[in-house]
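One structure coming up, written as structure tokens, with questions to follow.
Chain lettering (A, B, C and D) follows the sequence in which the chains are written, and residue indices restart at 1 in each chain.
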Amino acid sequence: MIRIAPFGRVLAVAAAASLALTACGGGEETASPASSAPAAPASSAPAAAAGDGVLTVGALLPQTGDLAFLGPPEFAGVKLAVKEINEAGGVLGKPVVEIDTDSGDTKTDIASQSVDKLLQQNTDVVIGAASSGVSKTVIDKITNAGVVHFSPANTSPEFTTYADKGLYFRTAPSDVLQGRVLGDLIVQDGSDTVAILNRQDSYGNGLADEVEKSVSGGGGEIVVKTAYDPAAADFSADVAKIKEANPKAIALIAFNETTKIIPELKKQGLGPDKVKIYFVDGNLADYSKDFPKGTLEGIKGTLPGAKAPDDFRQKLLSVDPALTDWSYAPESYDATVLSALAAEAAKSDAGTAVASKLIDVSKGGEKCTDFAACLALLKEGKDIDYDGLSGPVEFSDAGDPSEATIGIYQYDAENKYANITYLSGKVAG
Amino acid sequence: MHADTVNRKAEALAALASVPSEPGAPKPDPILVVDNVVRRFGGLTAVEVEHVEIQRGSITALIGPNGAGKTTFFNQLTGFDTADSGAWTFNGKPMNGVSAHQVARRGMVRTFQLTKALSKLTVMENMRLGAQKQRGENFFRALFSGLWQPQEDEITVRAEELLERFKLGAKRDDFAGSLSGGQRKLLEMARALMVGPELVMLDEPMAGVNPALTQSLLGHVKDLREQGMTVLFVEHDMDMVRDISDWVIVMAQGTVIAEGPPDTIMADARVIDAYLGAHHDAPLTTAEAEEQLHQAEAELEAEIEEKA
Amino acid sequence: MRRAVIAFTAFLGALFILLASPAWAEGESLRGTLQNQGQPVNGVKISVTSGDGQPVGEATSGADGKWEVQVPAAGSYKVTLDQATLPAGTVLKFKDRATLSVQVFEGNYRNVLFALASGDAAGVATPPDGGGSSAFWTRVAQLAFEGLSLGLIIALGALGISLIFGTTGLTNFAHGELLTVGAFIAFVLNSTFGLHLLIATPLAVIVAAGFGYGQERFFWGPLRNRKTGLVSMMIISIGVAMFLRYLLLFLFGGENVPYEQYVAQDGIKLGPVFTTPKSLIAMGIEIAVLIAVGLALTFTRLGKATRAVSDNPALAASSGINVDRIIRIVWAMGTAVAGLAGIMLGTTQILNFQMGQQVLLLMFAGVTLGGLGTAFGALVGSLVVGMFVQISTIWIPPELKTVGALAVLILVLLVRPQGILGRRERIG
Amino acid sequence: MDWTLIFSRAVEAGIGTEAVIYALAAIGLNIHFGYTGLLNFGQAGFLAVGAYGVATTVATLGLPFWLGIVIGLAAAVLFALLLGIPTLRLRADYLAIVTIAAAEIVRLVVRSVALQGTFGGTDGLEAFSDDFYGMNIYSPGQYGIGPIAFDHRTLWVLTVGWILVAAACAVVYLVMKSPWGRVLKAIREDEDAVRSLGKNVFSYKMQALVFGGVIGSLAGFLFALSRAATQPDLFSTELTFFAYTVLILGGAARVFGPVLGAVIFWCLLILVKTGMEEAVNHQVITFITVNQVGSINYMLVGLGLVLLLIYRPQGILGDKREIALDAR
């Protein structure tokens, strides 16, 4: 599991220091402090790796594409965090700059162009992307530039072991935990024959593997496990394959393809009234506008993340009054706050410096739960342990949260989901 | 090389003198021998030639009314279309199934009813294209002009000679598209000669050429024979043929109905029937109708090209 | 009935919370519910040993089939069901799974499932319903039916491509977007103006026809009069396709949207095949339209004129047919039929700005298979393509089904470039 | 509105990786379509084959980078041969349909679930570019003049890219003025005439397809390396159509047409895109959202392609008489 040895991190910091020495001398930074206005690019400023005194947070989150429904709460989380940080005096005495960009989905090149734009504007920490697939396509680009790649929503287990130069972090737990909880839920509901229909990408495959492990470990049998092409025009063949296996439960690991798959399942006699269907974080959304009443009734789903406290929801609404969904807002918020604290702890906004302190501020020290309080402790020279809204956020050495909470939800007749319970657990069992 | 004009013609006539005037008559020294070539479109038989021989060193005309299958037959022989069955030999070597460019390389070069002068290339480039075995036509050698430039110069000299002969020397660097219809015909003929053919096959060389130029064109055709080449040309106008051809083959409805010296043919009742019948009496077969359509279309396209 | 379901679900949910909370508080345990065909099975002994064989605890399933064993810590445990204690007529579905190795994680309970089935004394479970080869043939039948459904939609689109190609020589790469445009016109009528889909559809088809007519009248027609080359027009059609596609994205966004009616209908069983009423109606409409167009092409003056233009525009013009008028009618009709295909696609699947583009290549495959420019060939080709695409998923992964169709398209061109019904001399 | 950002992004795009990639892709197309008249609608396939050639060799098979390049090139040649055999005897419209289908086949195969272990499925592959960046001649930092700057990695990609563009232009220039190029241009106009002159038309078309395809695969290498990742869906038909727009904008059948086209195309596209985004962000334009800017951009490309072909098919540098647009 542990890939980046502490020695590696030392090297990374050393490298960063040497970069600072070799990079050509730069002009004075003139970033605008406005929260969402992009900073004017420095002419020949040192690479982001060396730090320019201003912590620039680039949000690389979905405004378009398969996961667009996750975008608004995530952006709101980042915006709220930046707002609170700046109200508390900013980082290193200067306001944090936020730049919003679209991550699109893997069908487009938007993410890559957005990353170019972010790197161009001396971003130190990239918050994103939502989709594991998108993150994979930009991770090399971001980490090679010495910038922290911090995702609030990537859950693919692949990132735990990815060669990320110690720069990849996430506040969403690896799907090892969600898969385990979902598998257990399916077993608990007494389904001995289970079908998994998953989206074919690193997210879908990773989660499907974990669900399979969990279901068969608990005595159930996976009768068919089908990965489908997310861009498929129709899913009749995939569903026919499942129909042939005649399962009692179906784990549907999907994004917005769900709106195509559910009617097909119903058509082929596999609706939620006939078999037990389970959703996951990728498709646990409000479908009240998409389906007639009762279509999804009884479907259960899992979503990483603790309940967003009501006052947090209120604060999010003050940033974006149109919010209806809260998925991954706490994780986005925590990612931003953690980055700011790490920069403060490292006394540098450089990506590599932030990365070197992120694990430190997440655990082992005096507990604090908001930026202002943590900042005060840091200024006193104390070691801090930030406990966030998404959970205690204790980073493992690979930059994954080692503990997390998974919520279990169920759909009602209005096709909206409501929480049944939350389960917490350690990711590495 | 330049033999006496009268001699060549006389030689050809002498050789053909003893040949009987009947379809499929054997020739003393045939360069091209065709057996049982059949081409069908759908259920319609466009060409069904039992046996034809072309005498080396002669000018042979292939005539027939519109839709007789002359061009289709031409296409079979030159590899531009695949015959359903049949066999033919050129210089004694079997030629069926040989692809169009191979046919040309073996010395059987054709021209087209609708001139295919490459109008977006200059006249000189058109000529150079005709030359065979060019070193610079290999991709890798093309990168190094030193490897092909000397040969290119030789080709240019040869092309210039031919252009002079065809009175196109002045147009050397013009786009072929700027030439008149007749000049294009001349260019196409000259370009065909760049290939170095033994048998030149001209598809309606006089079509679309203004009468003033026709005589000059005919002169060039005769000249080909004097250069030692064999000429086979398609024509549907009987009168045009009389002057220059040594031998005439008549096709109608896909088959050879008569052959012989021009004067004999002009008097042949079957030939006159075929010409008149096709135009006035018998209803058109579908194949003929199609052939006519193709021609109409082709003419239309030519017109459009002219305008463009 | 529905109320009962809701109540029951709520009850289950409440139960879940009740059960979940203690485990949450008390630490690690193993638990499960024994059921046979929905009925709880009680009095069955379950024993738990630690990974190295030390006994940890035992439990007997209660009247509700539930059992639970507390374990001291996280780790690996062996859970064994004593088969002798199973009631008569109940056996383990998988006899070799009487003992399971289960990982328990820190702070969490872990559910364990023993699958039970009814069986005889020998312990052989009766086979579950619907397995084996009959399930396979059911799937084949289902796929064939889906293939027919897809093929009909492709055929509607292909008809337009083929007629437009036949009369103007244009290979229209924007034809996929004509489907999408039709579907979204109906969406606007249906969703924005609140018209029922049954009313919106004919109206949308009429609007689509107007769109097609206008396109020819004000765009393609003038281009042809300018003597724009065919290759040029082909590339222009690509520009048009991109413009239309992204105009729809601009207007309607990238999400999948459904019509107001007939969403997520319950399936009905038709012999071995599952379908929905809306699919059957859609197929009925498609077949009716295809037959109507076929008859019109064969028997009406206009149809004959169209085929004449398709065969040879010059000849048709010279025999007194108003070619331009025919072409405009063909465009109007082709677009209308394409729009209908789009609406049917949107009804049976879902609306998306890329929906037409996704079937464009399949339509081309259908047209090419049948022979470019022959309307009836396009019909046959499309049905073949539709069936092939769906049925091929028996042997190839579903995501590669289009690959199969496209590969066949290329192979067909290799051996019979004129298509199934095309004439040989049409190829250049 | 941040005008510096707008213009610097536009200029960067005009000389940046997008321009290089599309310049190479369009140079390849220029050989196919501009010089030979082959209506290849599957150029994206060649880029995909190149990108995945190097990515699969390095990331999946763990073999050296240079072997990956060799395999990518070989794969492009093979793809051209496989594509050419059934299609080069066909009419332009059939050729267009088949090439677009073949490129889609490549894309669907590399993104397929079944071959995920090899090609990475819809996520594509990454972690193959370290050797390439290991050869970087620039030390880390930002390089540039005024607001226009690239980091050392991008600059390395651009250096390699523009050298490749220059080399490709030089080769195209040399072969197109040779007898080989003369045969191609003649084929573009009338292949029967060329056949009647004893040239193996099929062979020449195949050579052109391979040559243009190999240059396309170079674009594929750069595409993958500049992003340090390959994504199958980036090699969709839109890439080909963008390349056509680039080619026609610059001028088909002109050595520098594709290069000029790529520079102007990307400069304009990003100028409009960033400009609109800024305008929306600063409430200068209020009736659209930032997310709609992307779709407007694509609409403009489509519209641009249409208008170019109608009013200036020869593009900026071209000669109208020389383009194979009236062919059938």
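Keep in mind that, in the parts below, contacts are C-beta pairs under 8 Å (C-beta built on N, C-alpha and C of every residue); 3 or more make two chains touch, one makes a residue touch a chain.
Owing to the predicted nature of the structure, the values given are computational and were not obtained by experimental measurement.
Participant: Average the CA atoms of each chain to get its centre, and name the chain whose centre is farthest from that of chain B.
Facilitator: Using the mean of the C-alpha atoms as each chain's centre, the farthest one from chain B is A.
Participant: Just to be sure I understand: the centre of a chain is the mean of its C-alpha atoms, right? Then which chain's centre is nearest the mean of all of them?
Facilitator: D
Participant: Indicate the whole-number Å distance between the mean C-alpha point of chain A and the mean C-alpha point of chain D.
Facilitator: That pair's centroid distance is 34 Å.
Participant: How many angstrom lie between the CA centroids of chain A and chain B, rounded to a whole number?
Facilitator: Here the centre of chain B sits 75 Å away from the centre of chain A.
Participant: Hey, what residues on chain B touch two or more of the other chains?
Facilitator: Residues 308 of chain B touch two or more partner chains.
Participant: Mark out which residues of chain A touch at least two other chains, giving numbers and ranges.
Facilitator: Only 64, 200, 228-229, 231 qualify.
Participant: Which residues does chain D have that touch at least 2 chains other than itself?
Facilitator: Residues 111-113, 291, 326.
Participant: Please name which positions on chain A make contact with chain C in the complex.
Facilitator: 64-65, 68, 180, 184-185, 187-188, 190-193, 200, 217-221, 226, 228-229, 231-238, 240-241, 243-246, 256-257, 259-260, 262-263, 266-269, 271, 290-292, 294-295, 297-298, 408, 410, 412-413, 420-421, 423-426, 429
Participant: Which part of chain D faces chain A closely enough to touch in the complex?
Facilitator: 2, 4-5, 8-9, 12, 16, 111-113, 116, 121-124, 126-127, 129, 133, 139-144, 146-147, 149, 151-154, 227-229, 231, 233-234, 236, 281, 290-291, 294
Participant: Inside the complex, what are the residues of chain B that reach chain D?
Facilitator: Its residues touching chain D are 78, 80, 99-102, 104-105, 109-112, 116-121, 125, 128-130, 132, 134-139, 142-143, 145, 148, 152, 175, 177, 191-192, 194-195, 308.
Participant: Quick check: in the complex, which residue numbers of chain D touch chain B?
Facilitator: 171, 174-175, 177-183, 185-186, 188-190, 192-201, 207, 211, 321-322, 326
Participant: In the complex formed with chain C, which residues of chain D make contact?
Facilitator: Chain D reaches chain C through residues 39, 85-87, 89-94, 96-98, 100-102, 104-105, 108-109, 111-114, 238, 241, 244-245, 248, 288, 291-292, 295-299, 301-306, 309-310, 313, 324-328.
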